[in-house]
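Letters A, B, C and D mark the chains in the order given here, with residues in each chain numbered from 1 onward.
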Amino acid sequence: MLLRHTPKEITERSALTINPAKTCQPIGAMYAALGIHGCLPHSHGSQGCCAYHRSALTRHYKEPISASTSSFTEGASVFGGQANMLQAINNIFSVYDPEVIAIHTTCLSETIGDDLKQIKKKAQDEGKIPAGKTVLGANTPSYVGSHVTGFASMTKSMAMLAEPTGKKNGKVNVVPGWVEPADMEELKRMMGLIGVKYILFPDTSGVLNGPLSGEYKMFPEGGTTVAELKSCGDSSGTLALGEWCSADAARWLDTNCKVPCKVLDMPFGLAATDRFIEALRTIAGVTIPEEISHERGQLVDMISDMHQYLYHKKVALVGDPDQLIAMTEFLVSLDMWPTHIVTGTPGNRFEKRIKEITKDLPYEVNVKAAGDMFLLHQWIKNDPVDLLIGNTYCKYIARDEDIPYVRWGFPILDRQGHQYFPTVGYKGGIRLLEKILGVLMDRLDRDAPETSFELVM
Amino acid sequence: MATATATKKSNAALDPAEVKKELLAKYPAKVARKRSKQILINEALENTTPEIHANIRTTPGIITMRGCTYAGCKGVVLGPSRDIVNITHGPIGCGFYSWLTRRNQTDAGPDGENYMNYCFSTDMQDSDIIFGGEKKLAAAIQEAYDLFHPKAIAIFATCPVGLIGDDIHTVAKRMKEKFGDCNVFAFSCEGYKGVSQSAGHHIANNQLFRHIIGQDDTPKKGEYKINLLGEYNIGGDGFEIDRILKKCGINCLATFSGNSTYEQFATSHQADLNAVMCHRSINYVADMLETKFGIPWIKVNFIGAEATAKSLRKIAQYFGDKALIERVEAVIAEEMPKVEKVLAEVKPRTEGKSAMLFVGGSRAHHYQELFNELGMKTIAAGYEFAHRDDYEGRQVLPNLEVDADSRNIEEIHVEADPTRFKPRKSDKELKALVKAGLAFKEYEGMIPDMEKNTLVIDDLNQYEAEKLVELMKPDIFCAGIKEKYSIQKLGVPMKQLHSYDSGGPYAGFAGAINFYREIDRLVNSKVWSYMKAPWQENPQLSATFAWE
Amino acid sequence: MLLRHTPKEITERSALTINPAKTCQPIGAMYAALGIHGCLPHSHGSQGCCAYHRSALTRHYKEPISASTSSFTEGASVFGGQANMLQAINNIFSVYDPEVIAIHTTCLSETIGDDLKQIKKKAQDEGKIPAGKTVLGANTPSYVGSHVTGFASMTKSMAMLAEPTGKKNGKVNVVPGWVEPADMEELKRMMGLIGVKYILFPDTSGVLNGPLSGEYKMFPEGGTTVAELKSCGDSSGTLALGEWCSADAARWLDTNCKVPCKVLDMPFGLAATDRFIEALRTIAGVTIPEEISHERGQLVDMISDMHQYLYHKKVALVGDPDQLIAMTEFLVSLDMWPTHIVTGTPGNRFEKRIKEITKDLPYEVNVKAAGDMFLLHQWIKNDPVDLLIGNTYCKYIARDEDIPYVRWGFPILDRQGHQYFPTVGYKGGIRLLEKILGVLMDRLDRDAPETSFELVM
Amino acid sequence: MATATATKKSNAALDPAEVKKELLAKYPAKVARKRSKQILINEALENTTPEIHANIRTTPGIITMRGCTYAGCKGVVLGPSRDIVNITHGPIGCGFYSWLTRRNQTDAGPDGENYMNYCFSTDMQDSDIIFGGEKKLAAAIQEAYDLFHPKAIAIFATCPVGLIGDDIHTVAKRMKEKFGDCNVFAFSCEGYKGVSQSAGHHIANNQLFRHIIGQDDTPKKGEYKINLLGEYNIGGDGFEIDRILKKCGINCLATFSGNSTYEQFATSHQADLNAVMCHRSINYVADMLETKFGIPWIKVNFIGAEATAKSLRKIAQYFGDKALIERVEAVIAEEMPKVEKVLAEVKPRTEGKSAMLFVGGSRAHHYQELFNELGMKTIAAGYEFAHRDDYEGRQVLPNLEVDADSRNIEEIHVEADPTRFKPRKSDKELKALVKAGLAFKEYEGMIPDMEKNTLVIDDLNQYEAEKLVELMKPDIFCAGIKEKYSIQKLGVPMKQLHSYDSGGPYAGFAGAINFYREIDRLVNSKVWSYMKAPWQENPQLSATFAWE
């Protein structure tokens, strides 16, 4: 067994986290920042943070991830990191010449209390920020929240670039939250079909799913432009997809720029996508094109065709709150039985929301926020499941317990596809179904006695 | 220009001075001055090795390959130890990122203790930062003990721990006394210490020596007892080396720290020789073992078939036993033909190609052996976190100036053990061995092994890496995961030499074969010829379409 | 073992086909006919043919397949099927009211020598074909060629509806061959991006991948219209994708309507898609949009990222000639080693083409036209492979020999996805790669000893 | 209107005369006249069963559910025999389509003979059509014999074979004589014969009887020996029935033809009772076994828990042995509680719902049992290829007119076997049993079991099926794969009762439980509520979007 020391018996733990179901804020901030066009994310801390975040994102995307660091030494940690940051800003603009530097803090710089605003001001005063260039920052102390929180903070900082002119731009802000580049592309495709004018931020499509062409572009075509971000204060409203990832940015624009907002679930699965499309329709006052209805109908058709393989199958899930909420709702709508649900990100609202979604199921779900994969594994040992959905670290549980397993979430370090094929929207729902059915049916084929090995399924 | 790399042949011929100038051109003056001392054109100066600046701070804002002290201590040195519960004390990130990401393999058997697939952390929250994390740490240690009852629990400090002043060593001491049957010790390896992973290696070495090495005097039987230092069993390297040593009848008591156990460390002081693979990460332990227990050390290298044979002969020569010497020769005689067979097949496809290596504290040097065997020239190389002695050789050690960053890394003072110090060889014997060509406590570094006019660059950064590739167009580039894809976007295959991407082992004889095949695959892959679409290669439209 | 009687030793067989790698012409004609808008395919033979073809297509698509039959009895078989057909035409137009009836023959009606032209003429003379309605026919004797031949014949009959006006329509005819609805959709998307005006026939997209909406449309929106087919004689040229499936239609238009044609491989994989796009570019004299180059670059990027898992892996393939030719070329371009290749469809050109494509490989490939899956299995027993690609019937070989297996081809009766996700073009190539890598990596994960179970791949 | 089905409740109340009128409205006069005789409103006419037209030609152009004679012979009856090499003589299609598509399960054990996963065909080419296929057929038989050395090889003719006049029976005879140790026989089951699969059943019955049944007189031991006729082990039905019979101590010598072997057929004449499941497909064999060997037959039905119990009691009653009767009661007493427990859970969710069944030659009748147990009413039903006796009961047999299509199907004349005929019961015993309520050679058909004013429709076609569903909105519709998705597009769950989609077994006690759960899943699946998008349900835009 790979996880041979995990006991079935569950004992209370107050201090020790084992096999975390989250990581720290800065990587979320870094990923979000990569969704700004021409942006170099900057980690204000010691070298290791930046190295770790770049490595993790690189392994997930199999793409180059550029980000710089303030390279704190012991001295800086004692006397403050301002000197390092000023030096960094100067070097970055002269050597890499990005449009934007998006700075996020770390546990180190937060603990010593570096003040980003003040440092940025000093950099401006000292003329270290060339004209037309943008420097923004987000506070992302690693000891608060999770990578999701960091993503939300950086996204909020993007919103804070808004410069309302008082003149509406006729667009809707759409904050997609932490989804894959392919998902952001798919959201844009759907909005394009519906005919909604939008500002999508962040937008990592075209940044983290790049081609191999013999050229290396440190700053690819993709990403939300600063001009768009400045303009988002003039939008008619903001749709925030995901309470954890996107609500802060949307609410800030509401409070500070009078741009009304609505927080929706991430559009994974049928119902959540319906609500997203319905919201767009109402806002834009348009008729939904046949093409969208057709895609929806295809998803429903596939559900009806394959229902017998899904019906009452027990599922264990681990991941991030916004994704898990939508996925759990989707699974319930498939007549599947989400049984154990864990996120490492804190927040009681998560448990409350999951309980609402699963309230009609004939059993009590195991759900935990600020939980870990060690607990999930123990739950599974006590109440085995037919399917496991989560990031690559789940493969150790899947192999030990011999559970069909679908990779979904962050990080996915050992398979390809997530960069290229969306799981949001109706088409994304079809892909999710295909993957779920695939592993369940592979298991049937593997375990079927020769008497009942099926040709037609 | 970058777009050309795919098609154009290597540009090794380029004047290195030109290249260096290009690399520095874009930097602000201050940065350029600093980098110019770390970029060296290899030229013999009346037979002394040229001097390079190394182990110095990376300039903020410059995109470096380097990691931090925690990574060097917890990630590199202690990571591969399977039966120690390694708890990261800090926010969740550091523990998460060092969880199973280095491909250190270990073999605990079907039911041996193995915590390497687990990640343990105190997941510090803001309250812990404000009110201190010692309580939580103690509780975490207790929970780990209650759940697993391990032989040992190790604590690793992350950045905030030092700043808020958690006394992790006292907590460890207290818990160790409380448990009685579990050794608990801590590492003050905050990420901001030193200038790279290197500081973490040193800190790890110190604590290993202080808390584990020599703790167990239960006699280890067997002849030709050695320790292998600085081998981390990435992709199974250690397994291959063990296979060869076993075949030779050489007893490896402990490997630091690939496929290692607590007990191996604790009894390692009973070895009669320390064989050092990665000089950078582990030489401290080698020195301390010699001072305290009288175990001499020699530098070995099992990367490369020839190098492997050479290292085996060195060990045999040290023990000076005819039986062993013959056995070693027999093993070499048995293993080499397989290697040569594959090499003969592959070499025609690799010969004359060029490589660049920028990695680690010894691999950029060791792997040149394998490329030499493939007939490939290393046209530029450098380390990520090494010191001058790794470049120029240990003779520079006496006159290394200690800067502010190094000063903060503890140097523990070691003396001969009153009862257990035992010289393995008499002065006479040692002298004879030296005379016979066996060098003790000696490492000559990378530079002397590199050709004239090649480039040696310390702490290469992303900007320089791309420039190098664009200018010199190597046939292969070796570094780490962060560098992999920016290089490949340029159409040059990139091989990770930290984690080997997905391959290995590359050490020893079987490893050499694997590496030959892997490099063959990379430099001869068809994919590099697909980068341009037909309409990109000939944008001009031919007059009309040729219908049938 | 499921196929426990298959011996390793290979003996010559001249008369007995075991586990066929083809089926008969009429089903191909039926599938093609479903690609005409408002068309009811009609099987001129005994009831069983139609029932079998409808069942097979239904299982493959999980969609309703409407088709009618002449319901031959013994009497008709002796005295000829004209009466049945006339009665059928009358009933079909009054009960189902299709735009088009596409008749194909069977071994029965061919053996007794029914003459479609003459019967059609009689129907016209007797006014059984309402004004504005179309009846077309194709001769598809089951004892010649294979399902592929039948598809080609019906496709040719579509071309024969051409009514050249002498005035060019500024379009290119694109004959996609036997690919999935999702593939036809993808071809249209690519041509749309490039800005080529086209007539695609047949076109089953929107016909065989329909939604579930509470309505049953016997004749959905999709399909090539008769107007388009009539106009294809005025096109500037015809691109036939696949020698076996599409060349006849293209060459007929060339000979009879002076519409020049070019026969290309089906655009599966990198090189074949390159040639297709390049052809479109030259014909339309357009610049290829960045979006297409980007998709291409993504495929190349994925190949380079995952090359180590593909390199020199041995593959066995079974399917239809046009598909296998393109797939074999794709595998070779991935540095994989196609080793055993079988099609049930006759034609020496197939073996010749495969040998050309594989001539630089360091071994002699096993290739057979008019072969069967029994032979493929025997080849595999004698020279095992790392991967098997073929239709659902391969699952018996895959399980017996424990070979990683990718479902691709016709029919796929036991998995979902082929209706919705294309495998043509660059995006299709990425999907094929994802699937191939998926099964190869699943195997690595399954078989890896615990010492070398990989988190990052 | 179709769009409503999803939401609206069932419309069973509708006047059946109205429905019938609607069904016929669109037909040309001639077709309407014909179909009106096949669409029957079930009403008791002074206690005689109303008459329906069945087993008559399908009108060309009308999209029928029916298949052909080959399908009935090779696909249905012989398909499930695992140790006979079934070679299709014809173009490739017929063999291909009947390859593993019916979900007949078989258990050959780890190394028993099993050819069911194989497809054998002579793959006739045009030259064979022109010059005749006998040579190729003989060669194919030889190749099959050389490869597998099976006990038996069966040849199945497809359409062209009859037309070109291949004498397959002579070829078979010749090869049989040549081999000596392999029985070779042929079936003239050309697809154009008869009007449906039914003709194929008859042809299969004839040849089974002629070439296999009674070939092996090696005595079969054991008491209570029966044959099970017309059970094809779809989805494992036969396994469940075998389980129950075994538990009761009843010996099933042969099943025709689920999970069957050649040897079972050959010895089946030694049974003392024939229990007939599917009357349509196999009654010929039952009759012939009685005439030739004196084995009486009774109709049984193992579809439905109650029906299963009833059938077991009939068999016990026949043998009249107290021990058996008690054992049967004990088994029923043990099995029923499990069934009732599940039924009690499921029934509240199924009660009052309506079903339509249009399938096969007996299932449309048998499965009404299960729906009754679920409290669901069958509002319309009919067969695909049955005859009048399957609808109205065997009493109509004497006055069935034989039309041109039936006339061509051979009726073989059977006489009592001079040596082996042995009445199983004396006339006295039989009379007593009849008096006690056991009916021999009796099947009352579907119609008497259906409620007044339900619809009975023979050879339902696609157009009528959709109309029926649109008008009557059943909660579930049962037919075959071709009908499945057009019905489901209308928002009504469709269950295949030929191959069961993916489920089973549904026979016996365990099967009843499976079926209850399956129907519960289908009629209560959430998916039918998803068919309309919000914007389709309320196309009107609300004034403004409700921002937070």
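Keep this in mind: contacts are C-beta pairs under 8 Å (C-beta built on N, C-alpha and C of every residue); 3 or more make two chains touch, one makes a residue touch a chain.
What you see is a predicted model; the values in this text were computed from it and never measured.
Visitor: Find the chain most remote from subunit A, comparing centres computed as mean CA coordinates.
Guide: D
Visitor: For subunit A versus subunit D, what separation do you get between their C-alpha means, in angstrom?
Guide: 54
Visitor: Roughly how far is subunit C from subunit D, centre to centre by C-alpha average, rounded to an integer in Å?
Guide: Here the centre of subunit D sits 34 Å away from the centre of subunit C.
Visitor: Quick one: which residues in subunit A touch 2 or more of the other chains?
Guide: Correct list: 2, 59, 62, 210, 212-213, 293, 296-297, 300, 303-305, 393, 396, 450, 454-457.
Visitor: Where in subunit D do residues touch two or more of the other chains?
Guide: Expected reply: 100-101, 485, 488, 527, 530-531, 536.
Visitor: Given which chains touch which, is the overall layout a line, a ring, a star, complete, or other?
Guide: Graph shape, chains as nodes and touching pairs as edges: none of the named types, so other.
Visitor: Okay, in this complex, where on subunit C does subunit B touch?
Guide: Those in contact with subunit B are residues 237, 254, 260-263, 270, 274-275, 277-279, 281-283, 285, 287-288, 293, 296-297, 300, 303-305, 307-309, 311, 333, 335, 450-452, 454-457.
Visitor: Sort out for me which residues of subunit B touch subunit A in the complex.
Guide: Answer in residue numbers: 2-6, 26-28, 31, 57-71, 87, 90-101, 111, 113-115, 117-126, 128-129, 136-140, 142-144, 146-148, 158-160, 162-164, 190-196, 404-405, 408, 462-463, 466, 480-482, 484-491, 527, 530-532, 536.
Visitor: For subunit C, which residues are in contact with subunit D within the complex?
Guide: 2-5, 7, 11, 13-20, 22-24, 26-27, 42, 45-49, 51-56, 58-59, 62-77, 84-85, 87-92, 94-96, 106-108, 111-112, 141-144, 146, 210, 212-218, 344, 374, 393, 396
Visitor: Considering the complex alone, what residue numbers of subunit B touch subunit C?
Guide: Touch residues, subunit B against subunit C: 100-101, 103, 105-108, 235-236, 239, 485, 488, 499, 501-503, 518, 521, 525-528, 530-531, 533-536, 539, 541-542, 544-548.
Visitor: Enumerate the contact residues on subunit C facing subunit A in the complex.
Guide: 1-2, 59, 62, 206, 209-213, 293-298, 300-306, 392-393, 395-396, 399, 413-417, 420-421, 427, 430-431, 433-434, 437-438, 441, 445, 450, 453-457
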